[in-house]
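After this come two complexes, each holding chain A, first together with chain B and then together with chain C.
After this line comes the complex of A and B, so read on.
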């Protein structure tokens, strides 16, 4: 349909635009290696060699998250710089249809980080890629990307309003990594982080991936992850409509 | 509301609020537009002229829904710009000057495809429409190249093609001829007047008087956020009636000599414009006073080029209006 076509074309073009940035290319080449290394040494030091694959997956999800975070913050800011934010917001479309392709695109470029981390883990550290549920792993990866894209949308709403969106993106990177248990299991975190973790789609996405890797009931986590994502989509859509108006009143769509 | 009007602006005002500093925030307010009222008829080509910072872009952005007016109302094609935003957006095109506003790492074709999709151009019409517009702006054959490799003028032309994708009823052109070479600028003017003659309403801002004179049915001169004069180019020229203009080409005129000119009897305005090595001095005087002799006397000892005394043009009228504001 019309709307679906717009989303697909938009996503493809934003992937093109993102993947051609020299900065982005450098990041996506180097970061997965660093993350694979980090995961391996962190877990080796903890004497948990048997969990290497799980660690590599966790590190990969962190990459996806960083990509979405900097993608949705950075892309909005970048488009403000390029002067394209005004042009796309000027289209006679719901703001959510304009912004969603950007955040999905960043989620998709992020999945590359996940795969690359696994591949590097395989080649550099000999991590054996034997997943407990390979098929479920693929499904969980896709759901994870969608979840991150939708969560990114919710974030993007705030970025449209804020002139210096990058500052917020920077402060959100590490806390969400930690709280959603992408690298260390939630059980080792202080208890107050529990409720926060429970409402973040990233927690459930990371959990689904871990379960698909080392065994466990994958589908409930996938389901919850999808549910929260849809909620994010609905909220993000509403917020964006509101924010678009605010931005027109405050003149924050353009740089000055 | 008269349906003959494509644009109706009523007492538009816009204040920009800015906060600077974190610890001791200082609020600053800029009154960019202070009560602008005008109408543009369907198919009319309307010019908005004024010095830098006069409020032209702000006015356009209120009309094209990018900014919400601080007060006042406006309708485009009969729809309220603040409340019926999407109805307005479907019917308007927006082109601004400069080289921003495009996806640099994508090709021209990808840029156009994306915006065709955003504007809901039917998939089966997209190819033809895009080819048509590439031809119109003279970018055919180069549409596959990335925009980052485009010259400034090529980007500008791509902007124009993008603004026309959905065949808008009302076109907002904010300094569309910036950075465009003379031949391309002439083609651009022809394109714009063709659009207007086939029924598209055009609101144009420009700093080139000749362009405004040639194209516009009516012109509003705006300064300090307010309309100072509004009329056909011929009517505006009358604002300089009763004046005569002396132009002198000179080399190395000191500031003091210009001040001295300003004090001559009968002189109303003076302006100096640097043109490479030479300076062009323009002296407006009352028509019945011949100031040329006095002017040349004041400039004695300075190397002069061509000296000319002539009837005022639209540009002279513009200078008169703006300096009176």
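After this line comes the complex of A and C, so read on.
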């Protein structure tokens, strides 16, 4: 129960913190809407009017990924710059329990992108929100966001070991959008991308949301997404413990 | 000659000091690999939706990739001076502000051109697009015009950094809007009229059009009007940047807010 409380309170704290940043608000507010507009016009131009809802959902998931990638990727570095990393690492809890709320908060902030693209599509382009499985869509959205938060933990732990983590974050945005089939179906990509797509939780999260939107077996995708993300959580937890011990031993915790 | 030296040497020094992405890892990851995947993303999306052919997406997106270095570079050229507390020293210089700041655009435009050339070459090789050999000089010209216009556009956004606290919001949103409004990814005929009109006043729109004509083998004469329009747009932003920098400088001095972050 204490662990759950720590996660919930920590997540709320970090959501509040992110929501006070004019930069985060503006970027989360505007960029996904621009991407959704682009997707709507592209799908219309391609004569795929019946897939506009799918396009809006896809653009929304792209926004969630961007939020997790840049938010979680820089989670530890951000704490370092604010001078709060030592304090949270001093907490008598495992590192994974104090960093996980940050990465889940970035995923939850990113869910705004999903909501914004749907509202934008509904009111500006008259896209009817006729989900094939409305209840499953809600569940899949929540699972997708939490799963990406867990994936974000692995990113946070990995990125902290790299000097040029920002470069990797900047590089990974489009490849994951592409390979995960968020807007482009995986079937049109070269076959060698298949195995990469299969191990990414983003692929299964996007697939679950697409199936909930346009029909298909939602729950297997939700299950696989959650399973891969739990694996990411375990790996991220191990990596974080390793990073923390190494940083304490070398006295480099606060050094960028 | 002295002005030319100020523009080139000053520009290069400012580029090395203020551009955040000059380390090899950052340069390759952010400016070469990222844009290439952007091209692939839209090329595959275009293939799947059958909106336009590969040439449309490869050439258009290759020209657009220059915007990343140019828009963010132009912003960094002014905003990072303020961040590092050196803006006052620059403005104390007895030399022409216009020469100082226009000179800063040149390395970013060169950087943008390099990115566009690499993206076009690799993108065309990966997706199997054949470009006529005699179109290469013209394509280089179109990408250079687009990069230069984008650099001045970035400088205009950077000038806003003297007035607004968080100019990075403006840069990020601008880069996203260029994807939509320049007609690089959605053919102009499929966009609403007002978006097309706005696009005409943005960098890249005309350069991408010229580059597509050249890649289609239409020749330099056919691409010349679009190239001229791109240069005109760039000149407009060059003047706008200098005017805004002057206005905001005067205002910052009056309000004693030059270095206030």
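FYI, the second predicted complex is superposed on the first by the 247 of 256 C-alpha atoms of A that agree within 3 Å, B and C clash if a C-alpha of one lies under 4 Å from a C-alpha of the other, contacts with A are read in each partner's own complex, and residues count from 1 in each chain.
Keep this in mind: a residue touches a chain if its C-beta (ideal position, glycine included) is under 8 Å from a C-beta of that chain, and two chains touch if they have at least 3 such contacts.
Note that the structure is predicted; figures quoted are calculated from it, not measured.
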item	value
Which superposed partner A:128 touches (first chain B, second chain C, both, neither)	neither
Contacts of A:9 with chain B and chain C, given as first, second, both or neither	first
First, second, both or neither for A:253, with chain B first and chain C second	first
Which superposed partner A:37 touches (first chain B, second chain C, both, neither)	second
Touched partner set for A:27, first chain B, second chain C, both or neither	second
Which superposed partner A:83 touches (first chain B, second chain C, both, neither)	first
Common interface positions of chain A, toward chain B and toward chain C	none
Interfacial residue positions of chain A with respect to chain C in the complex	22-23, 26-27, 30-31, 34-35, 37-38, 41-46, 48, 163-164, 166-168, 170-171, 173-175, 177-178, 183-185, 188-189
Residues of chain B defined as touching chain A within the complex	16-17, 64-68, 86, 89-90, 94, 98, 100-106, 110, 113-115, 117-120, 123, 146, 162
List of chain A residues in touch with chain B within their complex	2, 5-6, 9-10, 13, 16-17, 20-21, 82-84, 86-93, 98, 245, 248-251, 253-254
Complex contacts: residues of chain C adjacent to chain A	21, 23, 25-26, 28-30, 33-34, 37-38, 40-41, 44-51, 165-166, 168-169, 172-173, 176-177, 179-180, 185-187, 190-191
